[in-house]
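In the part that follows, the structures are each spelled out as C-alpha cells.
The following pair of complexes shares a single chain, chain A, combined with chain B in the former and chain C in the latter.
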Partner chain A sequence: MLASFKHYVSVASCFAKLAVQRQLEYPLFLVSWLLMIPIQYFSGIWMLKIIVDRFQPLNGWDFPELTFLYGLGLISHGILVVFFINTWHIDNMVINGGFDRLLLRPMNVFFQLVASYVNFIGLIDCIPGIVIFLYGCHIVGFDWSLANIGKLLLVLLGGVLIRAALFIALGTIAFWTKRNASMVGFALSMLERATMYPLSMYPYILQAIFTFLIPIGFISFYPAAEFLGKSNGVLELPLSFALWTPTIGIVCFLLAHWVFRMGMKKYESAGS
Partner chain B sequence: MEAVIEVIDLVKEYTIAKKGRGLRGSLKSLLFPQKTKVNGVDGISFSIAPGEIVGYIGPNGAGKSTTIKMLTGILHPTSGSIKVCGISPQADRKAVVGKLGVVFGQRTQLYWDLRLGESFELLRRIYQVDKATYEENMAVLGDVLKLNDFIDTPVRQLSLGQRMRGDLAAAMLHSPSVLFLDEPTIGLDADAKHAIRDFIKEMNRKMGLTVILTTHDLDDVEQLCSRLVVVNHGKVVEDGPIDSIIGKLTPHRLLVVELERPCDDLSHPAATIIKQEGLKVWYQFEKVRVTAAELISDLSQKLPIQDLSVKEPDIEDAIRAVYKGY
Partner chain C sequence: MLQAYWYITKMKLLTNLAYRFEVFASVGTNLILMLASVFLWQTAYKGGVGTVQSFSLQDLTTYTILSIMLGAMFVCDVQDTIYYKIREGQIVTDFYRPIPLLACYLADDIGGMLSAMANRVVPLILLASIFFGIPWPSSALSLLLFFPSCLLSYAILWLLSALVGLVAFWVMELGNMGMVKDSIVRVLSGSIVPLWFFPESVQTISKFLPFQYTYQTPLGIYIGNVGTKEALGAMAIQALWVGLLFLLLMAGWKRTKKKTLIQGG
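So, the complex of A and B:
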C-alpha cells in the first residue's frame, strides 16, 4: 500500500516536472497567456460594475458582493485549470488512440489521465481570481477569522471537485459517441454564467437545475450567500455550505469517476 | 516449454450499423437502426513459446490490430481465452502490461517537446525500474541503438528512424518478456530498417525476448521471423515455420526489362511474359524455378538490356490471392 502510494507520487511528480519543461519550451505562448487571461477576467468584473452602476443591484446584490461572488468562482476555476485541464481533452484521447497508451502502462488509467498534465500556465488564471476575490473581501469587510478561512478552503476544494466532475462526465461521453464534439466550451460558458451572477436572479427552474441536477450553485453562489448573510433564493438548506459544498464535490467526483469507468468498459468491449 | 502467449478460440464481435441511401435512408437508419454483428476476430487460436519471433500478418481488416489489442489488454474479447505469461490481461491488466513492451510504428509514446532522455526517466518511474537496472539496460540499449547521438535532442527534431529507435528503447527499458511491434519499419529508409531489424535480432538472441510483429514489409518477415501466423477474415489461415509459408505467399516475382532496341525472341523457358509496352517487357517468374540472378544473366546474353528491376510481390496482395477461398 505504502509502496504503491510512493510509486504514484513518484510518477506524479515526474509528470509535473515534465509538464513544466514542456511549457517552458514555448515562452512566447506563455507571455501571450500572461497578457490575455487577466484582461479577460478584469473585463468581466468591469462588466459587473457597469451593470450595477447604470441599472440597479442584481437581485439585491450590490457591486462589492458581486465582486466577492465572482472572485470566489474564479479562484476555483483557476485551480481546476492547473490540476484538471486534461479532463478537457478526454474526447481527443479517446478518438486519436492516446487512451490505448494509458491502458498499456501498469498504472491506474484515471490517475494517468489527470496527473499527466499539470498546467502551470493555469496559475495565470488564478492571479486575477485572487486579486478580484481579495478586493471583494476588502470592500464587503470579510472577517478573516480562522473558522472562515477553514470554511473558505473547504468551499474551494468542493468547488474544484464539482467543476472537475462536470468536465469528466462530459468528456466521457466520447467513449459512446466516438466523436470529437467537445462539450468543453459549452460547459465553460454555463459555469461562468452560473457562478458569476447570483443564482437567485434566475427563474426557479434554472435554480433547481443548478442546485440538484448540475449542482454548480454550490461552487460560489450558496457559499457566498451565506458568507455575506444574504437570502439564497427559494432553497433553505440546513447545515452550513462549508459542509455541503465539499460533500457535494466529493459525491459528484465519485459519480464522474464511476461514469468514466463505465466509459472505459464500453471502450474495452467495443474498441474504436 | 511453457507458452508465453496462449490464445484459445478468440472471438471479437463488432456491431455494424447498416445505413440506407440518401436523406431518407439516414432518417430511416436513425429511427430503425439495422444492426448486424460481424466477427472481426473469428475463433483464433495459437500459442507462442519463449524466444520466438513470430510474424503476425494479414491484409488490412483481417483482425491483426484487434488481436494485438486484446493480447495487450486494451480490448476485451467477446469470447475465448488469452493467457500472457500465464495471466489473463482482462483479469489483471496491470500485471500483464508490466511484462510487455509495445511499439506502434505510427504513434510515438515519446514526449514531442522534450529531449529524448526525459521520456525514459518518466518510463523508468512508471515501470518502477531501479536506478542500477536502468543504467544497465540503457547501456545495452544505447549501445545497440546508438542512442547517445541524439538522447539530448528534442523528439520533434529527430528523424523518423531515430524516433523509432527511441521508441524501441522506451518499450524495452523495463526488460519486458514480450515485445509487440506494430509496423515497426513503416516509412523508414533502408539504413534505418536495418538498424531496427538488427536490434530486434540482438535482443532476441541476448535476452530470449519473444517478439510478435505485424508488418507489410516482406523483408521484415524474411529476415526476422522464424514463424508466421497468417490471418484473413478474422481466421488463422496458416501457422508454421516461415520457409513452408513464404513460398506460397510469394510464388512469383516480376522482372521488368527495358531494351535498347526491339528484338524478336524475347522468351525464356522459366519465365512468362505478361506484358510488353514498347521497349519494356514484364517477365513473371517463380523463385523456386529460377533465381533472379539466373534469369537476368540468361536474358542479358541474348538481349540488349538497357535497364532492369525486380519487383517484390506485395505481401497483402499475395495473402488475398492465395487465401481467397477462406
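So, the complex of A and C:
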C-alpha cells in the first residue's frame, strides 16, 4: 500500500517536472498569458466597480463585498486550472488516440489523466485571484482568525472539487460522442458568471438550478455570503457553509469519478 | 478575379455550416453571456432607478443583446490563420497563389461571418426576443445608419487582427498575443460596459484609440444615443481609422515578405 502510494507520488512529480519544462520552452507563450489573464480579470472587477459607482450596490452587494466574492471565485478557478486542466481535453485525447496510451500503462487511468499535466501557466490565473481576494479581504475588513482561515481552506477545497467534478462529467461525454470541446467554453462562462457575481442577481429558477442541480452556488456565493454575514436570499442551511461546500464537493467528485468509470467501459478507440 | 474570392468565402461558409455541435455550444455560450449581462443591468436598475446618464434599462438591454450579436458575427480569424500557417510552414504554398494573400484571408473570414449570421445570430436574436422582447432600433434612420457603421467596425477589427497576425512573421511563436489584443478590445470597445459610464479621463484617452469605434459607435447609433449628425461624424472617424490601419498593414506586409522564414520541410 505504502509502496504503491510512493510509486504514484514519484510518477506524479516526474509528470509535473516534464509539464513545467515543456511550458517553459516557449517564453513568449508564457508572456502572452501573463498579459492576457490579468487584463481579463482586473478589467472584470473594474467593470463591476464602474457599474456600482454609476448605479447602486448590486442587490445589496457593495463594491468591497463584490471584490471579496469575485476573488474567492477566481482563486478556486485558478487552482482548478493548475491541477485539473487535462479534464478539458479529454475529447482531444479520445480523438487522437492519446487516451489509449493511458489505458496501456499499469496505473489508475484517472490518476494518469489528472497528474499527467500540471499546468504551470495556470498559476498566472491565481495571481489576479489572490490579489483581488486579498484586496477584497482588506476592504471588507476580513478577520484573519485561525477559524476563518480554516473555513476558507475548506471552502476552496470544496470549490475546486465541485468545479473539477463538473469538468470531468463534461469530459466524459467525449467517450460517447467523441466531441465536446465547445462544452468546456460553455461551462467556463457559466461558472464565471455564477461564481464571481452574486447569484442572487439571477431569477429564482436559475438560483435553484445552481444550488440543487449543478451546485456551483456553493463554490463561492453561499460561503462568501456567510463570511460577510449577508443573507444569500434563499437558502438557509444548518451548520456552516464551510462544511457544506467541501461535503458537496466530495460527493460531486465521487459521482463524477463514477460517471468517468462508466464512460470508460463505453470507450472505444477512435482508430488508427 | 472576384470569383476566386467568392469561392473561398463559399467554402468557408459550407465548412462552418457542417459543424452543428460547435454551433450549438457557441450559441449556448453567447446566450449565457447575454443573459448574465442583462440580469446585471436589471439588478443595477432595481428599485425604480429611472434613467442613468439618459440611459434606460431598455436601452442597455438592447445595447447588450446587439453587442453579443456583433461579437458572435465579427469573425476575425486572420491573426490565428497567419500564426498557424507560419508555424506549420504552410505559408509557402499560400504565397504561390496568384491573388493577394491577405485578400484571401479576408474572403475566408467573410465566409465565417456569413455562416455566423445564419447559424449564430439568427438563433440568438430569436432567443433574445423570447426572453427580453425584440430589441428594436430607436428609429428607422438609426437602423439605416447602423449597418454601414457595422461594416466600418468590422474593417477596423479585421485590420487590427491582421496587424497582430503580422507580428508572427518576426517572432514565430506568437502564442496568444491575439487573445491579449482581444481582451483589450473587449474592455475598451465598450462591448461589455459602454464607455459612457467609464471615468472621464479614460473616456478622453479612448477617443484617440480605435477601440471604441468598433462596438460603441454602431451600438450607440442603434439605440439612438447619438444624433444623426454626430453619427455621421463618428462614422467619418471610423473611416479614418480604417484608412490609417490599412496603410499600416500594407507597410508591414511589404516587409514581412522579406522576413519570411520557412520552418521545416
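One rule holds for everything that comes next: the second predicted complex is superposed on the first by the 264 of 272 C-alpha atoms of A that agree within 3 Å, B and C clash if a C-alpha of one lies under 4 Å from a C-alpha of the other, contacts with A are read in each partner's own complex, and residues count from 1 in each chain.
By definition in this document, a contact is a pair of C-beta atoms (placed from the backbone, for glycine too) under 8 Å apart; a residue touches a chain by one contact, two chains touch by 3 or more.
Since this is a predicted model, take the numbers as computed values, not measurements.
Undergrad: Given the touch rule stated above, what does A:138 touch, chain B (first), chain C (second), both, or neither?
TA: neither
Undergrad: Which partner does A:22 contact after superposing on A: first (chain B), second (chain C), both, neither?
TA: first
Undergrad: So in the superposed three-chain picture, is A:183 touching just chain B, just chain C, both, or none of them (first/second/both/neither)?
TA: Only chain C; A:183 stays clear of chain B.
Undergrad: For A:14, using the defined touch cut-off, is the partner it touches chain B, chain C, both, or neither? Pick first, second, both or neither.
TA: In the superposition, A:14 touches chain B alone.
Undergrad: Classify the contacts of A:103 with the two partner chains as first (chain B alone), second (chain C alone), both, or neither.
TA: In the superposition, A:103 touches chain B alone.
Undergrad: When both complexes are superposed, which of chain B and chain C contacts more residues belonging to chain A?
TA: Residues of chain A touched, chain B against chain C: more for C.
Undergrad: With both complexes superposed on chain A, which partner does A:261 reach: first (chain B), second (chain C), both or neither?
TA: neither
Undergrad: Using the superposition on chain A as set up above, list the residues of chain A that contact both chain B and chain C.
TA: Touching chain B in the first complex and chain C in the second, residues 26 of chain A appear in both lists.
Undergrad: Can you list the chain A residues touching chain B in their complex?
TA: Against chain B, the touching part of chain A is residues 7, 10-11, 14-15, 18, 21-22, 25-26, 97, 100-101, 103-107, 268-271.
Undergrad: With touch defined as at the start, can you tell me which chain C residues reach chain A in the complex?
TA: 21-22, 24-26, 28-29, 32-33, 36, 39-40, 42-47, 49, 52-53, 171, 173-177, 179-180, 183-184, 186-187, 192-193, 197-199
Undergrad: Quick one: which bits of chain A touch chain C in the complex? Just the residue numbers, please.
TA: Touch residues, chain A against chain C: 26, 28-33, 35-36, 39-40, 43, 46-47, 50-51, 54-56, 58-59, 177, 179, 181-183, 185-186, 189-190, 193, 197, 201-203.
Undergrad: Which part of chain B faces chain A closely enough to touch in the complex?
TA: Within the complex, chain B contacts chain A at residues 12, 14-15, 66, 69, 72-76, 93-95, 97-98, 100, 102, 107, 109, 111, 113-114, 118, 121-122, 125-128, 154.
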